[in-house]
Every structure is written in structure tokens, then in C-alpha cells.
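In what comes next, subunit A is part of two complexes: it sits with subunit B in the first one and with subunit C in the second one.
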Partner chain A sequence: MSTDINAKSSEAAAVPLPSGRPPENKRVPQGHRRLLTRRDRVTLAFMAGVPTVLHVALVWFTALASIALAFTTWDGIGFDSIKWVGLDNFKELFSTNPQFWPAVEHNIVWFVVLILIPTPLGLFLAVQLDKKIRFSRVYQTAFFLPVVMSLAVIGFVWQLVYNPDTGLINSVIGANKPGHYIDWIGDPDLNLWAVLVAASWRHAGYMMILYLAGLKGVDPSLREASSLDGANEWQTFKNVIFPTLRPTNTIVLVVTIIEALRAFDLVWVFNGGAQGTELLSILVTDNIVGESSRIGYGSAIAVVLLLISLVVIIPYLVSTFRKERQA
Partner chain B sequence: MHESSLARPIPGPSRRTMLRGIGGAAALGAGIPLLSACGGSDTSADPKTVTLGSNASDAVPKKAFAEIYAAFKKQSGITVDVNTKDHNTFQEQINSYLQGTPDDVFHWFAGYRMQFFANKGLATPIDDVWKTIGGNFPDAMKKLSQGEDGKFYFVPLYTYPWALFYRKSVFKEKGYEVPTTWSDFIALCKQMKKDGLVPIAFGDKDAWPALGTFDQINFRTNGYDFHVELMAGKASWTDKRVRAAFDNWAEILPYHQDGAVGRTWQDAAQTLVSKKAGMYLLGTFVGQQFTDKADLDDLDFFAFPEIDPAYGQDTVEAPTDGYMLSKSPKNKSGAVKLLEFLGTPEAEQIYLKADPNVVAASTKADTSSYSPLQKKAYEMINGAKSLTQYMDRDSRPDFTSTVMQPALQKFIRDPKGVDSLLSSIERQKKTIFASS
Partner chain C sequence: MSTTAATGALKERTSVRPARILLHVFLAGTALAWLAPMLWALYAALRPYGETSTKGYVSWPDRLSLDNFTNAFTQSDMTHYFVNTLVIAVPAVLLTLFLSSMVAFYVSRFDFRVNLALLLVFTAGNLLPQQVIITPLYRMYLLIDLPGITMSGKLYDSALGLVLIHVAFQSGFCAFVLANYMRSLPHELTEAALVDGASVWRLYWQIVLPLCRPAMAALATLLSIWIYNDFFWALVLISTGENMPITSALNNLSGQYFTDPNLVAAGALLTAIPTLIVYFLLQRQFVSGLTLGANKG
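Moving on, here comes the complex of A and B:
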């Protein structure tokens, strides 16, 4: 059946050439009308309809449902056990939950560290690799390798490195004996930084690829011009290259914020979000997943996370759309 | 460039692939109900089949259970259709599983966690089963199998006590004696430290081992009844008795292994295997870490020492696993027959033959094939006045996992902050227990 339509349209397309009557056949509208048969319209409705229904059901409905559930208590058993409690969940969250504020703080620390350490490092690596040094592809692959791996796997690998009894670090520096013992995973003053090293290890490679792509877009004549003006390498980078990376920087900023907000898997496998590594996403999971869950309370935490995300996303979208309208 | 490519008529092949794709999606859509129908009620009408939801995803117990069901089929002609899920997944999904179309019979834990689902009407009482199997079990097991309404909801299969494990050879070599009182215990810890041993191995990375430690100290200090009250959310965590238990814990905390929060129980067990630690408080499953036969023969244990003579050593922490009947089983008579079979000593013996790390819940089971360790565990449970189920099975799981686990990890790291910690626990407990 599809060949049938196919034949018709290809016939329509094929006719003009041999017949040599250009003026009439050039008319595009006719072709457009032919293009959308009834079946096509059904098909398109189907193609647009199914994703829309799925999107509304899986994204909007669930998001709105969790906002509504944030004002209730519910153990997940039967809909009749949902009880409206107003702002109680939030009150409890802000006042009595000892893990909430540390979690917010850790999410912020996560962002600050990612933007201050691996991001400049990724930029540095990208600039070096962009010079087409020897074995550039090898380095590129090596730095990008962690990005290919799942964060959960990275968590497992680094857990082996940090294991206080048998891990690489403590074995090498001899810090696994009583008396001088470094508990990388359990010590709340250390473990967040330990996880962040692993997160940075991956993030640097990610940033490197983004900046590398950005650098490929820099017009070579700009470099030429600046070198003709007698600028040294640092001056060229600072005054010419970096300003042209502006769009890339925006993407990097957004990607890093997203990484900081969704930080979860690495910590989950590292130590399950114990003392010192609490994160909002982990609190949500702790409260919702399980045999007798606190779905209302977990949703309240999720709503807080959503609000923080919106604070970040809305200005970004507004500025992006404004730019598009201008263009 | 983009505009021109859009104006071009869509070439044939891509349209065809598109349509084929839609056809595929439609077939997939049609496939979903078909698949779910397979998992649903197809087999329900068959009186010769009982379905069973199992969390026994590890190789050893899975095989042991399969042997029990084979024996049941031989005896009754009823096939047990087992639906095995990964252990943790089973636990995480138990809520929706029991509310959907659960299997007739399902694996679960005794005590509060059984009562929780019984209270919610997600299980069927099985008093008639207990009329048949009641004689096989000691009173402590009966108590564990009853819901808050006094009806039976649970058939226990096996159990395992928590105790202090040690190496016989180490104790012999250094001339240590098994301590039975608190002061003996502390003296032993001091001596071990002097001898260059870690007195008590400890790993709390998974956050549950500390719950077991607290339980032992709490019911030795305050007795079984207080343990139950506290776990049920009735007693206050700011009660001075709780404070006394934490003071006792703080007293022995310096003898625990350094950096417990970063260590798994398996790693902690290795320090006992390698004779670097003198003792280790855990369930009998610690034996799984003793892969060398000679080491395992060298392993022994003793009950947690007495703290208050009024309570002595009469309480034993013994988590118990078994079966429950779902809310509306499709083959109830078959399921009842299965549960009656599972409550017999024969069923337990089949299981224990294949998995020797636990002991039978029934007093009638033949103990002649038990290892010395199993015999000792069996006697310990049999002689106990009360059995506890381990904190996260004796209390609301949402409370223990979101409040107690992080709180105890905090205590281990900073025992001095206990007062503010306890009032924080109490505040959180109130809201959780008030919620439903």
C-alpha cells in the first residue's frame, strides 16, 4: 500500500522533467496537497498524538501529582490512605529533618566545585588538544573515557580506590592501621570531597569535549590576525579565543548546574548518601522507595528540588528565547 | 540549505520506513496487554497450581527452596509456580506487588513488618493452618507469627541469632574467657586492646549493623518489653532508659574498630577471619565469610553479656523468615496445603540441608545433622524467653531507614552529641508514627 502512494508521488515528481512545461509544474502548492493524503494525516496525527499523550501522562501528570502529594501523607497503600496535611511536610523538612540542610548545602558545594575545578581543567585540556599536538587523539580518548562510563560504575571503581582497609590510597600511604586511620568513605569531613574528586574526574572530560567542539568553531583568521598584531598565546586566548566561546560557556554552565542538581548515582553506590554526602536526590529516593514509604514527605523534598531547578532553568530559557526572537 | 531540503518531496524509502516504524509501534502497543496478560490471571483457575512470590534470588537459598517445592509436589500433587525476584527489588516493590495481583503465597519477615501488611488488609489470616502446625513451634515463634489482632498471618521457616562471634584458637592462645557480665566484657575488651587486637570488629557502611548493636545493648539494659515499646513508637527516645543504653554503648565504643561507617560488614568480618579482631557482633550469616573449612571450624560465639541482672540474657535477637498468604489467593485450598507443608519439620530439614547458615524455626526439626555452630544457635533460640526481630523488622521500616540509620551512624562518629541526637530522633519519630 505504501508503494502505491509512493508511486503516485514519485510520478508527480517525475512528470515535469521530460514534458518540458516548467511554468505550471513549478507550482509548489499542488505538490503539498498531494503530499498529505488522508493516510498521511492520520499517520501524522498518530505520530504527534502518541508522544503527546505519553508526554502528558508521564511528564506533566507525574510532576503535578507529586506536587499535589507533597501536601499529603501517603504510605503508598491504597488511595484512601492519602491524607491532606497542608504544609506539614515542608515544616518538618525545614525544621526537624537533620539531613535536609546538609543535603541542600552539598548540592551547592557540588555545583561550586564542578564549576571551579573540572570546568577550567576541561577548558585547559581542550585548548591544549586543539593545538594538534602529537598523539592528540590518544589524550582525547583517555580524558573522555570516564564520560563514556556510567556514574554508577565510576562509583564502584572509586570505592575500591578509597576503601579504608584495602583501598589503593590507604594501602600506599599506610593509613589503614589503628591510630592513624583515614576513613575516606565514612568521615563526614572527607567523604564529600572524595566523591567530588571522582565526579570531577568525569566532569573534566565532559567539559573538554564541549570546549573542543567550541574551539573548532573559532575562525582561524582570528588567530592569524591576533598573531599578526603580536599577541602572545595567553593574550590571544584571553582577548580573542575565550570571548568567542561565549555560547559554549552558556552550555557549560547549564550542563554543570544540571549535573549538580541530578547528582545521585555516584554517591548512591559510594556510600548510599551517609553522613557527609547527603544530597536532595538521595533523600527523595530514601523516602519514596521501600516497603512502607513516605510518599508525601518524599514528594515534598522533590518539590523543593523542582523549585531550585526552576530558579535555574527559567532565566536560562527566558534569555534563550529572547535571543531567538532577536535573531 | 535547510529550507530547500524541506520543500523537497519526501523520498519514497523514508516514508516507507516511517510507516513500517508505526506498524512496529502498533504491534508493540498491542504486545503490552498480551504480555501483562501472561503475568496475570491465566494460571489462576488451575487447582493443581499454587503461585508463590519469592525473594530468594541467591543461588543457595533458591535451590534449597526449589527442593522443598519438589517434595511438596510429590506429596500433594500440587505444583508450586515460583516467581523469583531479586531480593532488594522484591523488598522495594512489596507495596505495589501486594496491592496488584500478588502470588497466592509470598516470602516475608516475621514481626512488625508482617503486622504492617496484616493491618493494611494485604494478607489473609491463617489460623486454620496454625491449628495443624501449631505443635511444631515454640511459644516465642507463635508470638512472632501473630498480627496485632491476635490472628496468625505467618509461617516461619528458619531463623538465625545475633551473637558475639570469636575464634576459639585466639581465645585459647591468649587465655581469654567468654564474658557473661558487662564488667567481664569490658575487662576483656581492655585486655584485647593491650594485646594488639581490635576488640570488636565493626562495619556500618550499610547502616544496618549498628541497629543490631543498639538492640543488644538496649534490651540487655532495659529488657524486652521496653524494646517492644520503643520500637512500636510508644516509648520516648528522650527517656532516660534510652540514654542509659546509649551511655553503655559509648562505654564500649572505643573498643570498636576505627572508621566503621566506611566499612562493609563483609570487610569487618575479614578482620575476624584474619585474627586481627577479637570479637564481632553479627548474625550467624557471618559464617558465609569464612570460606576456609578450618577457619569455619574455629568460629564460635557467645550471647551478648548481661548488663542488668533483672533481664540477664533472656532475650535473643533472631530475625525470622517465612511465608504469608496474600489478600485474595486464587487457589486458597492449595495455598493452605502448601503452608501446612511448609510448617512441618520435614520442609525445614530440606531447606537446612542446602543452606547451613541458619537454623529451623520449628523445635521438631531433626538437629542431628546440624554443625556444632548450628546446634548452639538452635539451643540459644530455644532457651530464649523472648525473641526480637532486629530493629528494622520490629519497627516501621520508614522510621528505621530514614531516621535511625543515619542517626546511629552519627552517634558512632560523635558519641558526645547524644542528647541533641535523641531529641532529634524523638521529633522525627512523632511525625512519622503520627502519619498513619
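Moving on, here comes the complex of A and C:
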């Protein structure tokens, strides 16, 4: 490194360049770290620091606070009312709360349904639309439209379909006479499935777009080779296309699990998570917006949700970042 | 099927024709079924409640009109809630892009040892379900006093509070996407400028950021729609009806007018219109934004 550069950068910053780098760093400089003036370093510290502080304070600090509060009881009025209770919240949650296990079960059902029905449907639609057919844009838009809309709006729209006496389904099948109602939203045996139809309706379009993007990345010569070998459409898909979609499948799986854990808006708008549609996210929220503000207890449910999420997030990040480090 | 070679095209033309027609029938049918709930809501919204209550919803209309739309718009003061949403969404989108691009620049153009950890913190943060952090966040917002700065005198129940959480939460995704994008820019670009004595800020503002325009546009579209559509943060962190953004205000509208589902349908459709406009105008950006993050996995 020449003095020329030093002169220039000190001219720019009016601060001499710190001579040499700390000896413990043996890596080859990338981005010419040595050229950074002190002012550059301060700038960089701010550039990374301000967003990090905001993100950590509002996301990670609160996530950790959730963990801490899960072992306490607190009515939220004054810090001195916080009392350490160990695992009491969790014990109560696992043994006596009538809504907890149904909520866990519904979150699992939510995931299983999304991965088994709308996801393959989205893949199927993507494969069909990838054939460069006419009106492809029109079809895509129709399937994708629900993804653009607020889940709250979707909730209202589907209420018009499910309403017992004025809804589309009951009107069409003639179940809208008093005494013959099918109460899609109120019946605890039906309502979860009714919500899941709406959730799947939205999810399929989302998956379709992800798969369409994945399919664009498939080398056309692979298909050509496969059809020259005399493979039919299904064989080509099964043996050639699907295996190359592996990265997309990983994303789809992660996205679907996260969506299943995050599921909230639709149920909240439908029936507030009453009998039959309880979800972990709803139970946490009930403790905040409901009348009984049991902060420690609500946090314990959040911790369960956090633990389940981490089972997905950690392996995903490990594999993603390992790849990145290699790149 | 997608070969551009003449043989492929010929094969397609001769043997796949009937299959193609069948495919179009299938796709058109499915697409129509997909739009059915929306069309049903539209049909309900176009009819007066009096008519549907006597004739039933599945019936031929005597009269179609936009009355429900105008009524929903005027009676529930939707302009006010649209403005509330704008006041939240515009600063949130701009700030998210600004802050996350700075982090992305930091981690992608220099080899500080904290880079990987930093990016990991942002990426993982965005994957957490919102409910994991809401309880302490809610308490924190109630504790932070901002007399004179927000209407409520606190971070709670203020547009500022919503902007901050949107920025903090969404910058995780954006930092990840933008860092990948910036990494794909040649290193010589910034190195040469650095050797010429340009400051780090200039590298970021005048060299890297302009090159990121496509990614920024895609993210801006995506963020606008996500933040506009937010229901959860506003539900918990806003308590005054006046301060609500449009999606949670819709919840109030339905409570107020639940005896007139046609009016609520009109309100719901009106709420969806801005996102639909953004989508139709910026479809390409929106879709590429969704897959920017996904492709890199």
C-alpha cells in the first residue's frame, strides 16, 4: 500500500490512516479494509449499528424477554409485581389449560393440510403454466390474486361464502333454512376445515409462484435430453424436473411451516379462535388483548411457539449460511 | 416442451393439440373457481341489502349499483383510515429499505468478522412468528413515554410505534436479500473507488445503491403490500379506533354493520383495491421480489 493512497484518504477524511492492521487478522483483505479512514470506520459503524440496535431491541430483546417472563407471573402493573414462579406456567399450560393441546394439534393440522393439498396443487399449476401456453399471465393472476390481499380481507370474503343463512354454500345446497343450517364457522367439527379451505386457497397461489421461479431455473437441455430418450411427460417430471427443484422444495417446506406457525389473521377474523379453531398464536394474543392480562402465562405459550419455530429456523439457517460461506 | 428447436415446435403442433385444449379447459375452470369467492363478494356488494334479504343471495338481481361502495366509503370514513395506513406504510417502507441496505452493504462489501453473525441475526429475526415477541413488545410500548411526540404520549397506540416494529421486523428479510444481491456485484467496482479515495458513504450512496435499484424496487413493492396488509401489529399495538390503519378498521366496520353483509363486502373489496392496483402495476417487481429471497436458499 502506497503513501499515495494514505495521502488521498487522509485528505478526504482529515484523519491519518491507522498504520497497518491488527496482527491477529491474517485473512486476505477483501474490500480493501486497509484503505478505510477512521471516519469511514465510524460511518460503517453507524451504518451497521443503527439498524442492528433497532432490530435487536425490538425483535431479539423481546424474544429473550418472552423467555424470561415465561418463568414469572406478572400483572403488568409495575415491575415489583413480577414474581419468579419457575416452571409453574408451563405445568399449568401442559396439564390444565383446555385450549393448549388443541391449539398445538391445530397448528400441526394446519401445516399438514397446507403441505399436502395446496402445495402439490401449486406445483401442478406451475408445471402446467410453465409450458409456455397462451393466457398464462391471466391464469397466473387469477391464482395469485389471493396472495396479494390482506388475510383480514380474505377472512371477510370467505365469511360471505360460509355464512349459515346468507352464504354461498348453504344457499346453493339449500341448507339455509332455520333448523337445517350447516354452521361452517360455528360448528367445532367443521370450522377448522372451513378456515383451512380459505388458507389453502391463498397458499396454492404462493406456492405456484415459488415453483414457477424454480422451474425457470431448470436447464431446458435437460428436458430435451429426456424427451429424446423417449420419456413421457410424467417420467420427465419425476426423474428430471422434480429432483432439480430441490432448493425450491426446501424453501417451500420452510415457508409452509412458518406460515402454519404464524397463522392468525384469518382465524381471528373468522371467529376469534373460538372452539375448534384454537391456535398457539391466538392464545398468546388473547392474553394481551383479552381482559385477563396474564403476562407470564402468555409468554410461556410464546416460548412454546418459539421452540417449535427454532426447530425449523436453525437447520434452515445452518444450511443456507453454510452454502453462502462456500460461495 | 419448452425447446425452441424446430423439432420441438413441430412435435408440439402435431401431437399435443387435443391435450392443450384440455389443459386450457382445466386451467380456465380452475382459475374461475379460484376467483369465485371474490366474484361472489363483488356480486353481493353490488346489490342492496333489502333486495337480498327478501329474495335471497342466490337470485337474479333487480338492480345493481355502487351504492354499497359509496356508503361504505362515506359512512365509515375510509379516507381517514387510508391516510392512517399511508402515514404508517410510506415511512416504514422507505426506512426499511434504507436501513437494511446499509446493513447489507456492511456485510457484503467488507470482510469484518461479525458479518456472518450479523446477517444471521437479521435473517433469523424475520423468521420468528410475531406472537413470540408481542407480549414484551406490548409492555415495552406502554412503558416508553413520548409526550408531545405521539398523540397518545406513548409508543403504544401511535403510528410511530407501528413504523418502528415494521422496520425492525422486515429489515431482516430485506437485509438478507440485499446482501445476496450486493455480493453479486463485482468487487472491483468499490475497490477502485476506494483506492481513488472515495469515502465509504460515497461507495454506498453513489455506487452500490444505484446498482441495487432492481432489487430495491422489487422489495419496495413487496414491503408496501405486506405492510399495507398488516393486521396483527395494528390489532395489538393500536387501541384507539381513530388511529387504526385500514385493515384493522375494517374489523370495526364489520362489527358496526354486521346486519348488512353487503355493505361489509363492499368495504372489504375497497380495502383490497390499493393492493390490487399495486400488484397489477408492478406485477413483475412483486413476483421477482418474492423469489429473490427464495432463489438464494
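We take it that the second predicted complex is superposed on the first by the 275 of 327 C-alpha atoms of A that agree within 3 Å, B and C clash if a C-alpha of one lies under 4 Å from a C-alpha of the other, contacts with A are read in each partner's own complex, and residues count from 1 in each chain.
Please note the rule applied: a contact is a pair of C-beta atoms (placed from the backbone, for glycine too) under 8 Å apart; a residue touches a chain by one contact, two chains touch by 3 or more.
If you're wondering where the values come from, they're calculated on a predicted model, not measured in any experiment.
By the document's definition of touching, both partners, subunit B and subunit C, reach A:Thr166. Of the two partner chains placed by the overlay, only subunit B lies in contact with A:Asn271; subunit C stays clear of it. With both structures placed on the common chain, the touch criterion links A:Val289 to subunit B and to subunit C. Legend: residue contacts after superposition of the two complexes on their common chain; A:Thr244 is shown touching neither subunit B nor subunit C.
By the document's definition of touching, of the two partners only subunit B reaches A:Pro98; subunit C does not. When both complexes are overlaid on chain A, the residue A:Thr43 reaches subunit B and subunit C alike.
When the two complexes are superposed, the chain touching more residues of subunit A, out of subunit B and subunit C, is C. Looking at the shared chain after the overlay, A:Leu151 reaches subunit C, while subunit B stays out of its contact range. Shared contact residues on subunit A (touching subunit B in one structure, subunit C in the other): 5, 9, 12-13, 31, 35, 43, 47, 50, 76, 163, 166, 287, 289.
For subunit A in complex with subunit C, the residues that touch the partner chain are 5, 8-9, 11-13, 27, 29-33, 35-37, 39-40, 43-44, 47-48, 50-52, 54-63, 65-66, 69, 76, 125, 128-135, 138-139, 141-146, 148-153, 156-161, 163, 166-168, 171-172, 176, 198, 201, 205-206, 209-210, 213-214, 217, 220, 223-224, 227, 233, 247-248, 250-251, 254-255, 258, 261-262, 264-265, 268-269, 280-281, 284-285, 287-289, 295, 298-299, 302-303, 305-306, 309, 312-313, 316-317, 320-321, 324-325, 327. On subunit A, the positions that touch subunit B within their shared complex are 2-3, 5-6, 9-10, 12-13, 28, 31, 35, 43, 46-47, 50, 73, 75-78, 81, 83, 85, 88, 92, 96-99, 162-166, 178, 181-188, 191, 271-272, 274-275, 286-287, 289-294, 296-297.
If you check the complex, the residues on subunit C that touch subunit A are 1-5, 8, 20, 23-24, 26-28, 30-32, 34-35, 37-38, 40-41, 44, 52, 56-58, 99-100, 102-103, 105-107, 109-112, 116, 118-125, 127-140, 142, 164-165, 167-169, 171-172, 175, 180, 183, 187, 190-191, 194-201, 204, 225, 228-232, 235-236, 247-248, 250-251, 254, 261, 264-265, 267-269, 271-272, 275-276, 278-279, 283, 286-287, 290-291, 294-297. Chain contact summary for the complex, subunit B toward subunit A: residues 7, 9-10, 12, 15-16, 18-19, 22, 25, 91-92, 94-96, 98-99, 113, 116, 120, 122, 198, 204-207, 257-263, 267, 270-271, 396-398, 401-402, 406-407, 409-410, 413, 424, 427-428, 431-432, 435-436.
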